[in-house]
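Listed next: structures, encoded as structure tokens.
You will see two complexes here that share chain A, one where it goes with chain B and one where it goes with chain C.
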Partner chain A sequence: MTGGSRGLDLVAVVLVVLATVGIGTYGLRLARTTSDFLVASRSVTPLWNASAIGGEYLSAASFLGVAGLVLAYGADALWYPVGFVAGYLVLLLLVAAPLRRSGAYTVPDFAELRLGSRSVRRLASLLVVGIGWLYLVPQLQGAGLALRATTGAPVWAGAVVVAVVVTVNVAGGGMRSATFVQAFQYWLKLTAITVPAVVLLVAWHGDGRPDLAAAAPPVFPDRTTVQLDETVRVLVEQPVDVVLDGRATVLDRGPHRLERGSTAVFPAGARVPHVEGLAATSGDAWARPLSGAGGAEHPLYATYALVLATFLGTMGLPHVLVRFYANPDGAAARRTTLGVLALLGAFYLVPTVYGALGRLYAPEVLVTGRTDAVVLALPTAVLGGGPLSAALEALLVAGAFAAFLSTSSGLLVSTAGVLVQDVLGGSVADFRRATLLAVAVPLGLALPAVDLPVAQTVGLAFAVAASTFCPLLVLGIWWRGLTAAGAAAGLVVGGTASTCATVVTLVGAEGDGWTAALLAQPAAWTVPLAFAVMVGASVATRSRVPADVGRTMLRLHAPEPLVLSPPG
Partner chain B sequence: MTEPVPRRVVVTGPRSPTVRRPPGRQGLQALDEQTAVGELLVRSLVRAQLGLALRTAGVVALVLGGLPLLFALVPTTRDTRVLGLALPWLVLAVLVYPALVLTGWVHVRLAERYEREFVELVDT
Partner chain C sequence: MSTTDTRSSTSAGGGETFAQVQASDEFQGLKRTLRRFVFPATVLFLAWYLLYVLLTAYARGFMADKVVGEVNVAYVFGLLQFVSTFAIAYVYSQYADRHFDPTADAIRHRLEGTVTTTPHTPTTTTTTTAPPTIDLTSKTETRA
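The block that comes next holds the complex of A and B.
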């Protein structure tokens, strides 16, 4: 983030954008009909499709956020990446093949096909659009923050750049171009995060392998300048001599307010002040699970709730499901999912390295609380500037932008797909209009720079998905007794409960103690609640089980080699 | 919705090279016409696949879901060091990923075997 590397960072962003648009245009020549646009004519091979799913899934939360969470919360944050991957195993076990065999394009399609109900379909459409928008907002905001951190551009610029590129690409080529783009983005992201990690580890080794979990809370390794892009309240644990806006002063123990636009210079070896709400943690506590590192309350409950949300929420993310219809058959859908497991597993080995090294070399992110910045800050912090660190930082910026672009475009395809099917007509022109509508709303929400923490908004999307689409899909696929009324009741109760809980958390009204823990990680009670309501209401209305449920079950589970006549 | 969603054909021509001959008429007809036999066939397939999925999920839930409980109940496991790494980090940051892929691989093999058996059953 020195002046010299800014130009290089900008070049990296431009290159990623050009490559994305270029591959999108190549795909455009092949896209001809609405069916092409929506599911790439189902002709995508498992490796392409798995790469594409991986590329689409690895968002800003994975590329930047996981390292930040590990840095702040230590061992307990390791469950985030584990859950992000394990969600695909659950998807493989319970959903992948039957969903593909159902022949539906989207979750609302599945709901209508399985339950024969237009109202459940509309309810599901509403949820797809809601979850899609919820997930798009942090992507756009993350892009804005990353562009500002690396090139100094205003926050809105990054959000607008990502929104425009993605809209042009998706509206222009639909899912086929998105498939090529996404597959390319996976490999770009894997390279962009792995190469710098290896160099950083070598440098750490050469540095005499300092203890990653030292007994004391983090200290500044060198004299460190912290630029404050927004006003923060920090907690100082030990009096510290700082140069604040060029004036030497002492920050005493206790809370302090650091104004937006000010610059603080901390001496080497000083304890790092923490932004309020993020407790200082000794290395022992940080490295140990269930220690409540970073100030997390009720860590055992929070761990289980997080596991439930991520394991069960993945299958309910709209941009994840839409891709399964691009497989030629159920068996290919399974193999694709297995491929995704391997690709994601390889990727998620790496962010932890940044989190652990970041605590040692770039602890200043704890002052601003923007721990997401650690990945981009590390090359300079470890290697101390120079062409190598500038090149690595540019590579990371490229990877981060690939993450914003790919996840946003995946979300856009699925949100627009539902809008075009359920709100507008079914033609290619309508798909383009739907795309505009699908991007305009989240951009409008992201631009006023509402301060929604990336990880928490993404967590809300997972919790809502786990509390709505997970019971709908699992019960719909495996249980004959599901009725339209039962599904609707479960979707309404699960969706309302999980949304309310996290909205309360996001506006900061969650209180403390158990209330806060239950509201901040609602999945542990909203998922069982949604399942219970769906089963209970279905049993109560069991006379209305669809008459053709046997035929639907055959359609969902019969292997393709059996040649069957069309249903109905 | 201005247009009805077009009805789609469910399952199409034999794609898998494992199918050497077209399926026999009787089993297929039973499936297609929703006879008692066909119903029974489908129910048994769904039960077998669900059983497999739940068994695999059970193993994962027991092993992965048991970890936080293990850390909570046996605090020494939080600090145990293996190969120079703290046990929780070795498991959660490294070993868990190949284990998940391996579990998925075993599941895919078994699920495909159940499907082959179903095809052979119908095919008689």
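The block that comes next holds the complex of A and C.
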């Protein structure tokens, strides 16, 4: 779409890939045993580890998705980044230290240790793999969309590039290399998103600071060409003169179908037709929280559900917990968390800038509904081409690919780790096979395009994690009465409810009104449901509380030096 | 799998000592201190976010007021959520450094005395290797 800088964008992608593989290979020399592969030795300093956690955590959803949601849904979308960060606080307060002391690397390990049940362990493994896949799909999709938006390559190309690079890297180096790679990726991402934002803000200033929340819904700032890579249905609110595939025509008020492969040229000042399902919003409503901007259903409920999903879901994400084992002790784990909160907070200040400027300068993403593309589209839209915008776009592409690669590696390490422990044998060779399996499925799912913005898909992964692992971890750590049967019942009910809601939303069959709100943001009902079932079923089977619960609890809560031993 | 197995066998040998520690007033006190902080902190912090969301529902005009240039009250509050998250984590961290670690150290020293009289090696090994690691990181912390 942004023609002039294709070569530079490709160079940026290649450089990031080379750097990732290069640092990964450097770390390879250090990876020897299975335990090295799964958890790096505990010699990582807090700042290094915090950078690595930040690097791994900032995914396509953070780098591209948040800006897109801010553009489409306004102030309410700010809860995504706030929740992404605050989830670490809940993790720190309730889960991090006891889990570290337990010596369980993963939630399945924890389930078996605490409840002594192989079936709960297998259930947890299944959920880890499911959540890992659900989180990997939008990363690969984001890669496909980003590469297409900047270089015109087909969607599968970007997804395949990311899948291949992370597979080679993870299968070759494991987490030790991942720690180096991830720390590097954090600083690359922060630079890549901040530098262009500053330049764009300066340009906006020079442009006479046009009102970011103007009264009217978005209009095209200039004569704008929109390439339709997919067939879309748009809603036109004011008749608009448009050149469709070279023929001048008028789109009347009402719904219109724009065919895949066609090109529409809109005149400057015309109201932007919005893709079906996204309502045109006045600037005033856009800037106000809980206004239902973008046509969001029941914004107060949706916000609460999002807050619950992100706050409580972070602790259950496969790639998050395992990082805390790289800390030598509890004090270092706390320092690491503080570092993570600071680093993530600093990063998340920036995507909002892209969302706000995008509404003004690149509203054409509202036509296609691919609001994730706004970050990459802005340099050209604001600066109008030329070497500066080409350089900034290349920098953003580099940052976006860093995001896809780092999060995918982290997810892949964890998902493959669970697969190798619970499905295959446990040797280094099996870990490599498990890695292939762990990446093949989400790649297969990412190729047929799903219409949901990446941050929303990621939000659903959080909801599933919050509805399953949050009750398991919180009750398992803080309540002696949890039984294997209770945990299994809670995991099954919470997992089924949240997964069904996710699948219905992903295929776009969620309907409207309350049904849509409850299915698109399920956490507000699935989390309490899972907690209730887990507690209720445990109380009903209280004669089966594990006999050694006292010792397990001591191990979880005793001062660390008593139970600290090197990982086996 | 292998990881959990190794570890349960490690702790099995020290069962009696652990049971004594668990029964001790000091350990029970430590658990109480921890719970008394962790649960109210979690509840308060969740309440703070949920209340904030609710307030925005009833103070819409106020939320749309512009503070500086294009930045409205809602956005400033949004930023403050990051700050409050960090502040709570910082307070917890300080509290844990001041209240948990010294008690934990005291219990450890007491246990070290106990352990030398029992013929149990794994726990002794880990107890003696742990302190240098802690010293090392506390130096790193002051630099960071």
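Keep in mind that, in the parts below, the second predicted complex is superposed on the first by the 551 of 568 C-alpha atoms of A that agree within 3 Å, B and C clash if a C-alpha of one lies under 4 Å from a C-alpha of the other, contacts with A are read in each partner's own complex, and residues count from 1 in each chain.
Convention: a contact is a pair of C-beta atoms (placed from the backbone, for glycine too) under 8 Å apart; a residue touches a chain by one contact, two chains touch by 3 or more.
None of the values given here were measured: they were computed from a predicted structure.
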Report clash or fit for the pair chain B and chain C bound to chain A in the combined superposed model. clash
According to the stated criteria, A:349 is in contact with first (chain B), second (chain C), both, or neither; which is it? both
Based on the superposed arrangement, let me know which partner A:338 touches: chain B (first), chain C (second), both, or neither? both
Scan A:328 for contacts with chain B and chain C and give back first, second, both or neither. both
Looking at A:209, would you say it contacts chain B, chain C, both, or neither? Reply first, second, both or neither. second
For A:18, is the partner it touches chain B (first), chain C (second), both, or none of the two (neither)? neither
Identify the partner contact of A:303: answer first if only chain B is touched, second if only chain C is, both if each is, neither if none is. both
If we overlay the two complexes on their shared chain A, which of chain B and chain C does A:101 touch? Say first, second, both or neither. first
What residues on chain A does chain C touch that chain B touches too? 75, 78-79, 82, 85-86, 88-90, 92-94, 103, 109, 112, 213, 287-291, 300, 303-304, 307, 328-329, 331, 334-335, 337-338, 341-342, 345, 348-349, 352, 421-422, 426, 550-551, 554-555, 557-568
Taking the complex as given, what residues does chain C use to touch chain A? 1-4, 6-8, 10-11, 15, 18-19, 21-22, 27, 30-31, 34, 38, 41-42, 45-46, 49-50, 53-54, 56-57, 60, 63-64, 69-70, 72, 74-75, 78-79, 81-83, 85-86, 88-90, 92-93, 96-97, 100-101, 103-105, 107-108, 111, 122-123, 125-127, 130-131, 133-134, 136-138, 140-141, 144
For a test of understanding, state which residues of chain B touch chain A in their complex under the given definition. 1-3, 5, 7-16, 18-19, 22-23, 28, 31-32, 34, 38-39, 42-43, 45-46, 49-50, 53, 56-57, 60, 64-65, 68, 71-72, 78-79, 86, 88-89, 92-94, 96-98, 100-101, 103-105, 107-108, 111-112, 115-116, 118-119, 122
Once bound in the complex, which stretches of chain A touch chain C? 35, 42, 45-47, 75, 78-79, 81-82, 85-86, 88-90, 92-94, 103-105, 109, 112-113, 209, 211-213, 284, 287-291, 300, 303-304, 307, 311, 327-332, 334-335, 337-339, 341-342, 345, 348-349, 352, 356, 421-422, 426, 550-551, 554-555, 557-568
Contact footprint of chain B on chain A as seen in their complex: 75, 78-79, 82, 85-86, 88-90, 92-94, 97, 101, 103, 109, 112, 118, 213, 287-291, 300, 303-304, 307, 328-329, 331, 334-335, 337-338, 341-342, 345-346, 348-349, 352, 421-422, 424-426, 478, 550-551, 553-555, 557-568
